[in-house]
Structure formats: structure tokens, C-alpha cells
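One chain, chain A, appears in both complexes that follow, with chain B as partner in the first and chain C in the second.
Now for the complex of A and B:
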């Protein structure tokens, strides 16, 4: 066996080493040494994230099973940054009495899910994609049930594990038909033999349904709100950004590399799904009273916008999609950082009403939340505007005028409910028992700084978009 | 030799019985068993397609082997989470998992 193949897997191997080190640290270190665990883990992961930005080897390994290109490395870097921010935000929650002795578990389990997402993105074979997806989703279910003694968390864990097993079963059923029709699991071989035969289309529909669960597109979205609400806030942030981003990237690669020849078929499916996802996500978000549920539906509608870029089917569409995920990462995690802080200091209150009068008590946090919400809604100076604009441009270039028009209308609707949060923070008077003035811990402060800089800078620095443009490809 | 279609009929039946059970069952363990039906139906499919359509290769068989291993892991995790739910909620009826709907 040629071991030089492993050289292409630098990021994966680095992650495994980090995992083993943290696992041993958590298992064998004395109680006294463990109080530095958070700092050590976060700084090591930050070093690992920086390492990913250096030029790494690209190429195919293991006969095309594993693909590493500049694009996959960039996508992994996006996921790394998001995970780093989640780690920073988790400090308050992990230091609480209920979870402090299981702090190491949170980090090790999260790293394993991240490894699964790496494999999903780098897959050149459906077996690899499936293994990566399971490696990502099984530990995530454990994370959702991490607050062992809370009923809601247990409920979220059960729902997530059952639904994810169910969806991977459906995906596999589709894959088996694709295998029957095409005789291979390698992306390149399948694309070469792909025809629009009924067996292949049936297989594709099942496969897409399975992946749609992971991405929480609308007919498959029912688990999202419950799991997001019940899971601990840091895990919700991780689910809504990292897990969703990885699923979107895997979907792009599957659609562009394998199913490119039957674009006529999936074009219509994606068109309708995108319309329903954006619209229903928005409409349900309006009537939510719980902030985590609210952001669950907002993230559903954001997934619809991600589909909009994929539909275009061009290099421009792929660029816009990757850029969209990058911007979405900063805006959504900024919001979740504020939610985590408010939830911690108001003793677990996650109603939107808990944000009433936040501007009076904590003006800086309210300001960050405002930036995040404006960026999610797409107000001009922030990065969210540019990402939405580029997505619309990519779709409009392919003549999708009606779709772009519907999406634009929905942007207006989404502005309304995003402004409801602003109204709660700035206009509504706080309740008598509302959270008072508090100082956020330093980890969370750093994370909010990173997000704020991201929201301002990523949209204005066109270098980033142009760089993604040079490494992405169309059908 | 038994024709391929019979195997496919069996696996499709198993798949949809599994889905039916997943939707209608009230007990979490029963739901887990239905999931096993779904996943095992898929594994029959892989093996049969490989044996009948592409006898020269082993990819489908390999997928079956990996699938069995992953399914076992999935069951273990799901059981652990269900036991955890049993401890906090007190039984494993799916009806009691509706705290967040209120």
C-alpha cells in the first residue's frame, strides 16, 4: 500500500491528532490541570485553523475516493472558523456546574463530527460520503442530548438521532438504485454513465430527500425547530452553521460532479423546494416566541437561499453559494453568541421577551445583535447584503427571474421579523425581572469580535469573493 | 436461480414496512426496530444488485459490510439516547416527547 496517499489528508490527520491529544488530556489529567482545559483546547484549535490557511497539498488519493482541491480546503477552513467561534462561545455553558466535568467530551465529540464533515466534503465516492455523513450526524445526536438532566435536551437528542438515521436510510435506498443503474460508487464513473433512466431518477429523488433532511429543506424540515430549541445553545449554533454548511457543500459536489448530466431533472425539483423553503421558513419564523426556535426557522429560509445559488449550476453560482455560507457563518454565530450570553445570565430564559430592553442594560450586546440581524436580513453596508446580491445575480444570470423575484419578496418579509428582535431590544421596556447589566466572559467577547469584523469586512473585501471565484467550477 | 426481481420485491416491501412502522409506532424501541428494517432492506438491495448485475466487482458487497457496521453503531447511539430520555422523562412513549410543542 502506498502510504504517501495520506499526505493529501493533512487537515484530517491534524484533526485526529488534536482529538487524540484532547482525549488523553481529558482522561488522564488531574482535576487541577483540567481547569486550563478550555484555554488549551481553544488555542490548539485556533492554531489548527490558522494552519489550514497555508497552502496544502491538493490531489486525489486512494484511487479517487478522497479528493482534496483548493475549494475543499477553503470549505474546510470555513467550517474550522465556525467551529472555533462555537468553541469560544461555549465557555460559559461548559463552566456551569452541570457540565463542567464533561467539558472534555464536548470538545472531543465536536471534533469527531467535524472530521465526518471533512470526509463528506472531500468524498469522491458515495461510500465515503455516507461514512462521513454518519460520522458527522451520530455524535451530533449525542451533543444535542448533552444536557443530560434537562427534559428538552433529551427530547432533542431522541428526535435528532431517529430522524437522522431515518434520512440516511432513505438516502441509502436511493443510492442502491443508483448503484443498480450505474454500477459504481465513484463520482467520476457515475457521471460518465449517467442517463435519465427511470431507475436513476428514482434513485436520485430518494438520495436528494435524504440529503434534504440534513439541510432541513422544507418538506423535510419538521425536526429542525424542536432539535434547535432543545439542544444546548452552543450545539444549536454548531448545528445551524457547521452542520448545515457541510451538508450544503456536499450537496453542491454531488449535484455538480455526479448529477450534472441530468440537470434538467433536478432543476425543477430544486426550483420548487427553494421557493417553498424560503417562503414557509419565513412565514413560520414570524409567529415564534422562542428565540432559538425563531433562528431555527430563519436558518431554514437561509437554506432556501443557498439552494438558489446551487440552481444556477454555473461556476458563478457555486462561488455565490460558498460565499453565502461564509457570510451566514459570521452573522448567525454573532446572533448565537448574544443568545448564549443572555441565556446564561437570565438563568436559561430563551424567550424573545428576554431581550426586551437589552439596549438599556447591555448596549454593546444589543448593537452586535443588531448587526447580526441586519446582516442576516441583507441590509446594504453589511456582508449579508453582498452575499444575497451575489446569489440573486448568479440565479438571474441563468434567467431565473421569477425565482429571484419571489426570493426578493421574501427578503422583505424576513426584514419584518428580524426587526421584531430589534424592536424588542431597543423599544420595548424590559420586564421587572429582566436580565440586568452583565459582563460577557472574555472567550465570548473574542468570538463576538471575530463575528463583528467578519460582518463588516467579508462583504467589502472583494478579494475573498474573487478568490472563491478562481477555485470554483460549474457543471 | 431465483430471479432478481423477487429479491427487490422483498427489499422494497421491507423498506416501506419500515417506513410505516417509523411513522405509526408509539414506542421508541419499536421505532428503532422499524429503522433497522429500512436499513437492512437497503443492504439487501446493494448485495443483490452487485451479485446479479455486476458480478465482476465487489463494491456493493463492501458497501453492505460498511453499512452493517454503521447501522450497529447507530443502534448503539440511539439506544443510549433513548435510555437517557427514559431517565429524564420516565417512559419511552413517543407521545411524551412533545414538551416543546406547547
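Now for the complex of A and C:
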């Protein structure tokens, strides 16, 4: 075995080292030393994130099993930034009595899932993809059930583990069809022999269902709301951004690299799923009274928009998709940062009504939330506008006018429910027992600053989009 | 020269800092930060100008365009993309100097003038934003970048004019300014779209290269309603310029905009925003000259007419800032008329050079006039001439500097206005007699109303002021900018402008045409003489003359009822016959379909809520059923 292959896995190895270090720290350090755990873990991870932005080796390793390209590195960096923000936001929650002694677990488990997602992105072989996905899924169930003494959290964990086991079963089922039809698991080999035979198509559909679960596309989405609601807020944030982003990236690679020849087939599937996903997500979001459920459905409909970029099948589409995820990261995490803060200071109240009058009590948080939902809704000049615009443009460039039109109609609907939050914060009077004025902890403040800057800057700095454009590819 | 980027980045950062953190600072600190930042910008602008004009600018006897920075911002197609960059050529460098200088003077002056006002920090934040927008406008490398900053100028001037937002008249004025210029910008935008649709580019360099060859060839043969496409495009683009530069009939916003703080008027309505239109035409001059000469001729006549029109109104106004406002309109019109009569290349392009020259000198003496007026207002707490008089005794510095500015604007040798105005008149004299004679009369009128203003403020009888409330000279923060600007007003005319700025960027030689100069001085002296006779001492004569002019005087006093006409047009014509149908369409069709969408959404949303049952078995069932359904659909349809 040629160990030089490992050189291509700098980020993965770094993550493993970080994991081992934190694990040992958590296991063997005295209680006294552990009070610095959050600071140490966050700063190490921040250093690791920065490290990813330096030029790293690119190429194929282990006979094509593992691929590292500028694009995969960039995607991993996106995930890193998102994870870093989640870590920053988790401070308050982890410091509470219930979880403080398990703080290390949160970090180590999260890092393991992140490793899984790295492998999903870098996979050049379906076995690798599958292993990555399993690594990313099962520990996530532990995270969802992290507040194990709370019924809802436990329920979320159970639901997540059941559905994820189920979906990986279906995915494996699909993969076995693909293997049967094509005789290989390597992306390149499969693409070379791919035909539209029923066996392959069946295989594709089931495989797609497995990834659809992670992306929470309709009809594989039903778990989303329950899990998002029950899981601790930081975990929800992680699920809605990092896990979803990784799935989107893995999907785009699989579709472009392997299933390019049967584009006609998946084109239709994605077309309909994206319409249904956006619409259904919106329809459900309107009715929600709980802010985490609300964002669950909002994130479902956002996943539909991500499909829009993938459908284009061009380099432009891929660029727009990656950019969309990048922007979505900042917008969504800004919202979750505010939710985490409000939830913490209102003793676990996650109703939208808990945000009533937030503008009066905490104007800055209300302002950040406003930016976040404006960006999610796609209002210029925030980054969300540009990402939506570019994704619409990518689809429209391929003549998908009807799809773009439906998506546009849906943005109107989504504006409505996003504005409900604004209304709650700025117009509705706070309830008698509403959360008073409080000071967010410094970790969360940093995270909100990062998100705010992201919301303002990422859209306008075209360099980022152009850079993604130079490393993207079409079918 | 990439450091020139700092010239526009600095004010933007100042805006962010003052806007976000200003309220936490002491007002004075915020003011000083803003002023120092602007001083830094000014120094940078001078360095850029020095380097450009005395270093890298000229190659083989021609001023070349330098683009130290340019990056692509949004790409539409292979050719059509929006860039953001910095373009340095003689006129943009000249504008950088003018804007930063006047802005710096206004900043310093404001430290004194705005002292103790609530919202002091906000004021400086907006000043920075405005400077940023204006600087961004002049260094634009392409027409779309210019348009972006053009709108930013509109927005920031809106917030400055409406600075006293508790005063209804200020709010109304800011809205009026915004809406009128915005309306004009609609034309600008359409013009840009037409232009870029045919030429496939926004870039100034490509548009103006080879005698605007790209525009003429790409639009060749196209006509619309009897006029060529190029004419339409350039006329529409000029419409935007006419709005910002307050040309008849879009000038109505400028007099009202005097509701803003006086230093703001000096900045926006003297040196910067209002000359944006002139700058726009100058920037696209080769296109106008070669592709749309008929538009250029129209500009000459609009300019000449507006100059006369505004000068006549200025004579009758009694609010000193309004006099200056109309005088500004008149002088800007002068510049546009000069552009209008200009040819291209060498001495033919005298009008172009003269226009830029006048823009340069006018910026200083008009800013000086506004700041001087501000100083007077500061002293007597009124804008009305009737409340002034005899102020020379109390305010020596203001009086002398104001006097210098008046001489400069009247075009008396050797003050700066003489040189630039003389070149304009000379250009008109050789190209278009109608324009020349109009401008010549305007020169006389200008001298008259400016000295009417000067005498009525500073001399005119022995008005006694209340013992408790004696007028006093302004503090040094205000007096210093007056003195500096006065120095500029005296000497800026001595710059051999044609060596630096010319229509084809090749220096040429000018000389003072003493026939024209003699005529212009003569008419100016006559104007001053009449003003002296009527207004130096308090007399009943002016009222009598006004009465004998009867209806004409009244019409001029009411600005020829233009505001009323616009009101009628908007209220009766536009509102009733255009807005009402649109409103109906909006209410019933647009709103109706949106309501329908909302209604359907709500209905469907309610009816499907059962899907989310919370039972994990059901979820799994849907999962499988969904996959199978998809597979079946794909395989069999």
C-alpha cells in the first residue's frame, strides 16, 4: 500500500487528529481543566478551518476511491465554516447543567459526522459515499437525542435513527441494483457504461431516495420537522445547514459525474421534486407556531431551490448551487444563532410568539434576525438575493422558464411567512412573561457577527462566485 | 495608482463608522473624524492629480486614460458585464480634486455651522456617504457603475436635504428632489439599456473610442418615430443628466432642496451633485458629438434657455438661498450650453474645455457663496433679504469673501469666473449666435442679481439690529473655509486649462478673445452698476420698477408657475389618466392574483396538515411509496 495516498487527505487527517485530541482531553483532563474545553475546542477548530483555505494537494487517491479537487476542498471549507459557527453558538446550551459534563461528546461526535461528510464529498466510489453517509448519519442521531432527558429530544433521536437506517437500507438496495447493472462502484467506470436500462434507473431512484432523505426532499422529508423541533437548537442548525449542504454536494457530484448520461431521467425527477419540495415546504411553513418547526419547513423549501441549480446540469448550475449553499449557511445560521439565544434566555420557549416584541427588548438580535430572514427570502441587497438570482439564472439559461416561474411564485409565499417573524419581532407587543433584555454570550456574538458580515458581503463580493465558477464543471 | 481606490473607500468606511458607532461618540469627535477622513481623501486626490497631470498622464502629447483598477462584478453575457473600477482621465481627476476640496471645506465649515444640532453624527455620516457616492460616480469606468453611484448620490442627497426630518417642508423638499431626479433617471436607465443593447458594452472606453465608432456602426440605420436610435438613446441618457443638473423643466427640485442645512447646499447644489449631468455629457462627449449631434444641439438650446430662465427668476427672489439656487441652475445651464455648442478636437472643442473650466471655477465660488450665505443666516437667523442689510459692519470676513465670489461669478477680470465664462462665450460666439446672445444677456443678469444680493445683505441702509442680538462674525471653523475658497475663487482662473482638458485629450492653445471678453465685462459692469444704483442704498425704486413690470414680475417671482404646472400635470394628467388605470390593474389583477395565491396557499396548507402526523411508521411508508411512485413514473411515462 502506498501511504503517500494519505497526503491527499490532509483535511480528513486533520479532523481525525483534532477528534483524537479532543477525545483525550475530554476523557483524561480534570474537571478544572475542562472549563476551558469550549474555548480550546472552538479555537482549534477555527485554526483547522483557516488551514483549509491554504492551498492543499489535489488529485485522486486509492485508485480513484477518494478524490480531492479544489472544488471538494472549497465545499469542505464551507462545511467547516458552518460547523465553526454552530460550535460558537452551542456555548450557552452546552454550559447548562444538563449538558456541561457531556460537552466533549458534542464536539467529538460532531467532528465524526463531519468526517463522514468529507468522505461523502470526496467519494469517487459508491462504497465510499455510502460509508461516508453512514458515518455522517448515525452519530447525528446521538446528537439529536443529546438532551436525552427531554422527551422531544429523545423522540427526535429515535425518529432520526429509524428513518436514517431505513433510508440507508433503501440506498443500499439501489446501489446493489446499480452494481448489478454496471458491475462497478467506481464513478468513472460506471459513467462509462451507464445506460438507461430499467435496472439502472430503479437503482438510481432508490439511491436518490437515500440522499433525498439527507436533503429532506419531499417525499423523504417527513422526519425533518419532528427532528428539528426536538433536537437541541445547535444540532438543528447543524442538521439544517451542514448535513444538508454535504448531501447537496454529494448529490451534485453523483449526478454530474456518474449519472450524466441519463440526464433525461433525473432531469424530470428533479424537476418535479423541486417544485413539490419548494411548494410543500412553503405550505407547511405558513402554519407553524414553533420557530424550529418553522425553520424545518423553510429549510425543506430551500432544499428545493438547491435542486433548481442542480437541474441546470451546467458548470453555471454547479457554481450557483455551491454559492447558494454558502449563502444559505450564513443566513440560516444567523437565524439559528438568534433562536439559540432567545431560547436560552426564555427557558426553552421556542414558539414564534416568544419573539414578540424582541425589537423592544433586544434590538440588535432582532436586527440580525431580520437580516437573516430577508436574506433567506431573497431580498436585495443581501446575499440571499444574489444566490437566488444566480440559481434562477442558471435554470433559466437552460430554458427552465416554467420552473423558475413556479419558484418565483413560491418566493412570494415564502416572503409572507418570513415576514411573520419580522412582524412578531417588530410589531406585535411582547407577552407579559416575554424574555427581557439580555446580553448574548461572546461566542454567540462572534458567530452572529460572522453571519452578518457574510449576509452583507458574500453577495456583493463577486470574487467568491467567480472563484467557484473557475473550479466548477458541468456534465 | 491603485491607491486611488482609497479615495472612495475612505469615505465609505467613514460612513460605516460614523453611521454605526457615531451615536456612541461625542458629536465633536464624530465631526473631527469625518473631517480628518475627508482631508485624507483630499490629500490623496491631490496626489493623484499631481501624479496624473505631471507624471504618467501624458504620452506623446496626449492625455491617456488610466485604469488602475477594474474587476468584473456581474456577468450577463460574454460581452455584457458590469465592471467596477477606477478610471482616471483629465476630467475625472479634475472632478476628484473639486469634490474632495469642496467636501473638505464643507466638513470644516459644518463643524461650526452644525454645532449643537441634534443628529450631528448622522449629519457627518451622510456627508461621508454622499462624498463616497459622488467620488464613485466620477471614477466610474462604465456607464452602469456610473448609474449605480448616480442613484447612490440621489439617495444620499435625499437624506441630507431631509436632514431636519421633523420639519415638514424639509421632508417635502427631500421627497421632491428624490422623485424628480428619480423620474429623470428612468430616462437615463432606458437610455443605458438601449445603448448597451446595441453596442453590447457598458464600457466608456469602448463607447467613446474611434469617434464613437462602435455606437454609430451598431446603431446604424435604426430609427424610431423619425429619429435615429442613437438620438433616442443619447437624449434619454441626457434626461438623467438634466434631472440631476436641474435643467428646465426638471429644475423644480433644486430651489426647494435649499431646505437642507446650508453647508449641504454648498456641497450638493454647488459643486457636486448638480454638475453630475454636465459630467455625464462630458464623459460621453464623443458619442454625443459624432453619434447624436442633434441631441447636442438640443442640449445647447436647453442650456441657453434654462440659463436665461433661471437668471430672470433669480432677480426676483428674496430668500437668499433661493437666489443662489437659481443662480446655480443658471450657471450649470451655462456649462451645458457650452458643451452643446462644442465641436470635437483642437480649437473646435473649445466649448468642451470651457464647460469643464467653468465647472471647476464655479464649484469654488458657488460653494463660497453658499457658505457665505450660511454664515449670514447663522448671524441673523433668517433667509430673507428683508431681515438683512448693513451687515458689512458686523461681518467683515464674510462680506469680503462674498464680494470676491460675486465678482468671480459676474465674470470680472481677473477673477476666476471671468476666464471660464469668457471661454464659454467665445465658444458660443463662433458656433451659435442665438446661444451666444442669450448667454451674453444672462451674463449681465447674473452680475445684476448677484450684486443685488450682495448689496442687500451687506449694505443697503442703516438697519439697526437689536442690542441683544447683534450679528457677529462666524467662528473660525466657518470663516477659514470662506477664506480658502476665496483664494481659490480668485486664482483658479489662472490655470491654463486647455493644456489639461480638451475634447480629444490633446492639449491646445487658447487666448482671450478680447472682443468677446470686452462685451462680457461690459455687460457685467452694467449689471453691477444698475444693482449699485438700485440697492446700495435703501430706496423705493426697486419696488416701483417691480410694480411697473406688473404681471411679468409676478410671474418671475412665482418661478413662472412651473411648480404649479407640474402639479397640474402630475395630479390631473398623470394621476388621473395613468395612475388610476394602473391602480385598478394593481388592485384587481395583481393584488387579486396574489390574494388568490395566498388564499389557495392557506386552503391547501390546512388541508394537507394531516400528512405531518408524527408517526414514524407513516413516514417510512411515505418514503417507500414515494420512491416506488417515482420509479414507476420514470419507467412507464
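Heads up, the rule we're going with is that the second predicted complex is superposed on the first by the 475 of 475 C-alpha atoms of A that agree within 3 Å, B and C clash if a C-alpha of one lies under 4 Å from a C-alpha of the other, contacts with A are read in each partner's own complex, and residues count from 1 in each chain.
The rule is short, and it goes like this: a residue touches a chain if its C-beta (ideal position, glycine included) is under 8 Å from a C-beta of that chain, and two chains touch if they have at least 3 such contacts.
Note that the structure is predicted; figures quoted are calculated from it, not measured.
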| item | value |
| --- | --- |
| Partner chain(s) touched by A:226 [first = chain B, second = chain C, both, neither] | both |
| Which superposed partner A:172 touches (first chain B, second chain C, both, neither) | first |
| Which superposed partner A:162 touches (first chain B, second chain C, both, neither) | both |
| Which superposed partner A:193 touches (first chain B, second chain C, both, neither) | neither |
| Partner chain(s) touched by A:152 [first = chain B, second = chain C, both, neither] | first |
| Doubly contacted chain A residues - partners chain C and chain B | 158-159, 162, 166, 170, 225-226 |
| In the complex, chain A residues that touch chain C | 158-159, 162-163, 166-167, 170, 198, 201-202, 205-206, 208-209, 213, 218-220, 222-223, 225-226, 265, 268-269, 273, 280, 282-284, 286-287, 409, 412-413, 416, 462-463, 466 |
| Of chain C, residues touching chain A in the complex | 71-74, 594, 597-598, 601-602, 604-606, 608-609, 611-612, 614, 616, 618-620, 622-627, 629-631, 634-635 |
| Interfacial residue positions of chain B with respect to chain A in the complex | 15, 18, 22, 28, 31-32, 35, 38-39, 41-42, 45-46, 49-50, 53-54, 57, 59-60, 62-63, 66-67, 70, 73-74, 77-78, 80-82, 84-85, 87-89, 97, 99-101 |
| Residue ranges of chain A touching chain B (in the complex, touch as defined) | 127, 130-131, 134, 138-139, 141-142, 145, 148-152, 154-155, 157-159, 161-162, 165-166, 169-170, 172-173, 175-177, 179-180, 183-185, 225-226, 229-230, 293 |
